[in-house]
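This report refers to the structure that appears directly beneath it.
Order as written gives the chain letters A, B, C and D; numbering starts at 1 within each chain.
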């Protein structure tokens, strides 16, 4: 779950990471009031999209009346498809240098990793790799001051600046752990006189850990269908074609798309039914696919933790209760396969034994 | 640093460990007032000594007027050499069973260890070993719920009681870590109806970690001389005899006492000058010994991190500035021995090369 | 031989009294897995499919001496259960559970590594040494002994491929599910090293997918250390890019992780890459004859 | 041979620019220790006694490849420094520092153990393999090569005994300071095992003291695993009981730890116990001739 900048900064404040003075505002009047208190300000649109600056969503303003005007403009914007609902009004700070600092999870190293660079303020992917310090952390040790010293040494930071940078890094790791973050990013980390300030905050919380982060605000980024699917514990992705696909397992879902594509078909969407969905859940998933009104439905189940009889039962139930008008191509093998096939037969639907036959059939039906 | 029961319970409260309702009071009037609010109460003298109950320092009282009378008596007591300065007034709870629970450091295992027993309410040393569950903790894992379950299984606790016991244990370990404790003990942990309550609290904080536990109250248990010595970074112990001993290193100090004892002498005290005391510090230590007015002073230094020249210099300074009337037996070898001997010679004091010669001489001088 | 587990492996099932736990215990027993104990707090003393159930892993260990564990416990409790298994001395720990917080996985795997234990998963279908021991949720009928070692990132897709191989007459030595989470205990390289040393394995099949850099690292490793033939199928050629992690995550991978990059890396070191799953047996035939 | 360290050991000094650090660096160099690097944050680029100083342990390792470290850093920073050494790959870590919080020591030692590294101390005088390598603060002049292995709980008392041995004509193979804190990395058993296997050691001298159960455990180990002769001196026969830990601590030891209990345990397994330090060489003479 991505957090808005101002939410990330609330977490920064909670952990003692230094920030410019600021207020959240939802109306031009509030912005003007904040500017009157703060002095010269920067008004930052709060959206989850990147490149807010280029889109005109960040603006410096002084005096308060100008802040009000700018806020009026920004609060009406839509950036990267997201409407701006609020802005962060912050004290305009002197920027001497801009650094980059983040902690994220590195799957290959199986550990958190610190990324730091003296080249901040731009997209980190645009910074040459040799200008980025990448320092993996051992979770059994955590991020101790020695790691901060080593990172500063590699960056070439010295004296007070190194000390402040190190202190911020240690706090940032504490936040990362305490909040189950996948990513905490400060870009830019601004050198302003003799202080370091987090001018931006990007925080992404591990969705799987939200159950123990219940005091965080909820930020919803999914479409309604995705949300509905997620609530059923399933992954749903919308595509451009006309064949609705349900498969279990991400790899299997991808392979199913690949194969439909190979035979000239065009998937409309896909539902990864995941592992171990029961009858009820699978029925809801099917209803969700039906609602997208595809030309063909292809269901590709290779049962493991998912049981074929559960899927077949779910299908039978939905067919009986709601009726299914479009052709359905079923492929069903694995755990409790026999039972599943028997149930399907009773509904009058045959199951294909192989993926290629079913994919080919689905592609044919869709183009006929 | 040992904490008073009520301080320990403040930490328990901080960590969500369930307690009987209670107030600290320093006057009989306060006790009466507390009892009026709480109902039937137990009044517990707050001293660092054990066996308060046997000494009459714990008393049940109802109505409030009786609480006042009991408090009057208890607040005038002295228990184990400690005057009672305040009492804890707690709601009298129904006691169905009394358990024991503690976490401490086990030097042999090099880790924290949980001790738990269904036989609480008495001194744990009096509980037969086979009735105590001893469960070592791996600090790289900490105390996770699985350990609590295993401890409950070994104790034979089940159901809700096991769940509450486990929850208290997990919290107790959190307190243990967060507060740098050497010991956290709940004895008894009372089963009162369907609740578990910490009826007592014994918490000892690691003295070496007090630098990062600055928000804790300070409890002073040392004598003035010990305190003075500790402030100099030295360990000081008072004994019964007439030979003041200064040595460096705990083992060396003990061996010096053993040897004086062997030759018929009687140590008056000893100062472990520890490792790496400088000139200034050693001079202060010497003055401290002088102030105890012994018949003989024996100084036994085997220099390692302590340098012989530093000790000799300190001696020379004190001798010159304050004068030393009693005989001093010096033994000085190790790091910078030559320099040290030279300085000593200038003060007119010879150093013996061996411990036995010096110990023998000190014993002789004291008995002459 | 076989890798990681074999006919001597004594398996403990954590969460055995749950729906999934008891169902798959039955399946594993039917496969021939030597399940010696189950763990389910508060259910000690019961039996599931004839397997004695204990309240804690230590209790199970006292009486049954298991050396491998499989977890069917909810994500919120999985770290606790896995550490319990680790602490009780298990050498192979297989969390089937999906949705374990990534920092929990990092802690588990770091701890396991320092104890010389292997974590298969999390979010894995498990591991099976064909005809000897199955620890996981894969359907029994496809895992017959044979010369092909399979290592896969995704479950169902690997069942598909193993089934295709079986239909073509090729059994499997060991099939390892790495797990679908961002942090998992084993990567392709760890498993390739084992297969290279395994007397029963003549051909290695990698079932990969887009994202991450595991296949690229495997390619580097294969070049230097693997003498046995390797085949691969990679899913996701036509998949939409999907949701990306934040920038800092992307920088770690820097343009790696695409289908094309993986295919190129693997083909450059002599790995044959099948275009569709059912082509794997055809390529296997070319190699094994 | 010698144990733990020898003439090939490359030593790093953490806190080298401090008072104690620089003084003992000079002493260690004078003894012949191969000190290859010093670490002192913010002082990188300087030299102390000709030893190059680095800002961090990793920087020192990049250029000098040390494999053992000695710490002269204040107690509040000792855990950080020791973990830094561990993380940089040191295999022997020697925190001389007194007053390290006990939970810090537990973390350090647990971490070291999982990495196969040895912690000598904390609150130790160090370790010296006579004539080869001295890591610590013991006075140089007494440590000459010879057949006696010494393992001690306290510093100065062991200097005393080593000096007495030297005067009597007996040099030492390795002298190990276990450290005076409640939790230390090595105990008598660990070191006895090493001495038993060490070709240079013919006689083992234990310097113990009252408190704890380390000597009792050593006695049990000696009975089963040590064939070489063992001598002991134990301090504290006449010492006052001193301050005790709380009850829970006492229960762990349950009446063990007294002078008498230790002497009995050791004598029961054939260990000769000297009554006073200067008797150690006399007993050594009886054994070594």
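Note that a contact is a pair of C-beta atoms (placed from the backbone, for glycine too) under 8 Å apart; a residue touches a chain by one contact, two chains touch by 3 or more.
Source: prediction; values computed, not measured.
Trainee: Mind listing the chains that sit against chain A and also against chain B?
Mentor: Output, common partners of chain A and chain B: C, D.
Trainee: As a test of understanding: of all chains, whose mean C-alpha position lies farthest from that of chain C?
Mentor: Of all chains, B has its centre farthest from that of chain C.
Trainee: In whole angstrom, how far does the Cα centroid of chain B sit from the Cα centroid of chain D?
Mentor: 26
Trainee: Approximately how many whole Å separate the CA-defined centres of chain A and chain D?
Mentor: Averaging C-alpha atoms per chain gives centres 53 Å apart.
Trainee: Any chance you could list the residues of chain A touching two or more other chains?
Mentor: Residue numbers touching two or more other chains: 138, 140.
Trainee: If you look at chain D, which of its residues touch at least two other chains?
Mentor: 111, 114
Trainee: Could you draw the chains as nodes, link the ones that touch, and say if you get a line, ring, star, complete or other?
Mentor: It is other, because the touches fit no line, ring, star or complete pattern.
Trainee: Which pairs of chains touch each other?
Mentor: Result of the pairwise touch check is A-C, A-D, B-C, B-D, C-D.
Trainee: With touch defined as at the start, can you tell me which chain A residues reach chain D in the complex?
Mentor: Chain A residues touching chain D: 138, 140-141, 144-147, 149-150, 153, 158-159.
Trainee: Taking the touch rule as given, give the residues of chain C at its contact with chain B in the complex, in rising order.
Mentor: Residues 41-42, 44, 55-59, 77, 79-81, 83-84, 86-87, 111, 114.
Trainee: Quick one: in the complex, what on chain D touches chain B?
Mentor: 20, 23-24, 27, 75-76, 96, 98-107, 109-111, 114, 125, 136-139, 152-160, 163, 180, 182-185, 187, 207, 209-210, 212-214, 217, 233, 235-240, 242, 245-252, 254, 275-278
Trainee: What residues of chain C sit close enough to touch chain D in their complex?
Mentor: My answer: residues 114-115.
Trainee: Enumerate the contact residues on chain A facing chain C in the complex.
Mentor: The touching residues are 2, 50, 102-108, 110-113, 115, 123-125, 129, 132, 134, 138-140, 177, 180, 182-183, 185, 187, 202, 204, 206, 208-209, 211-212, 237, 239, 247-252, 254-255, 257-262, 274-276, 301-305, 307, 333-335, 337, 354-356.
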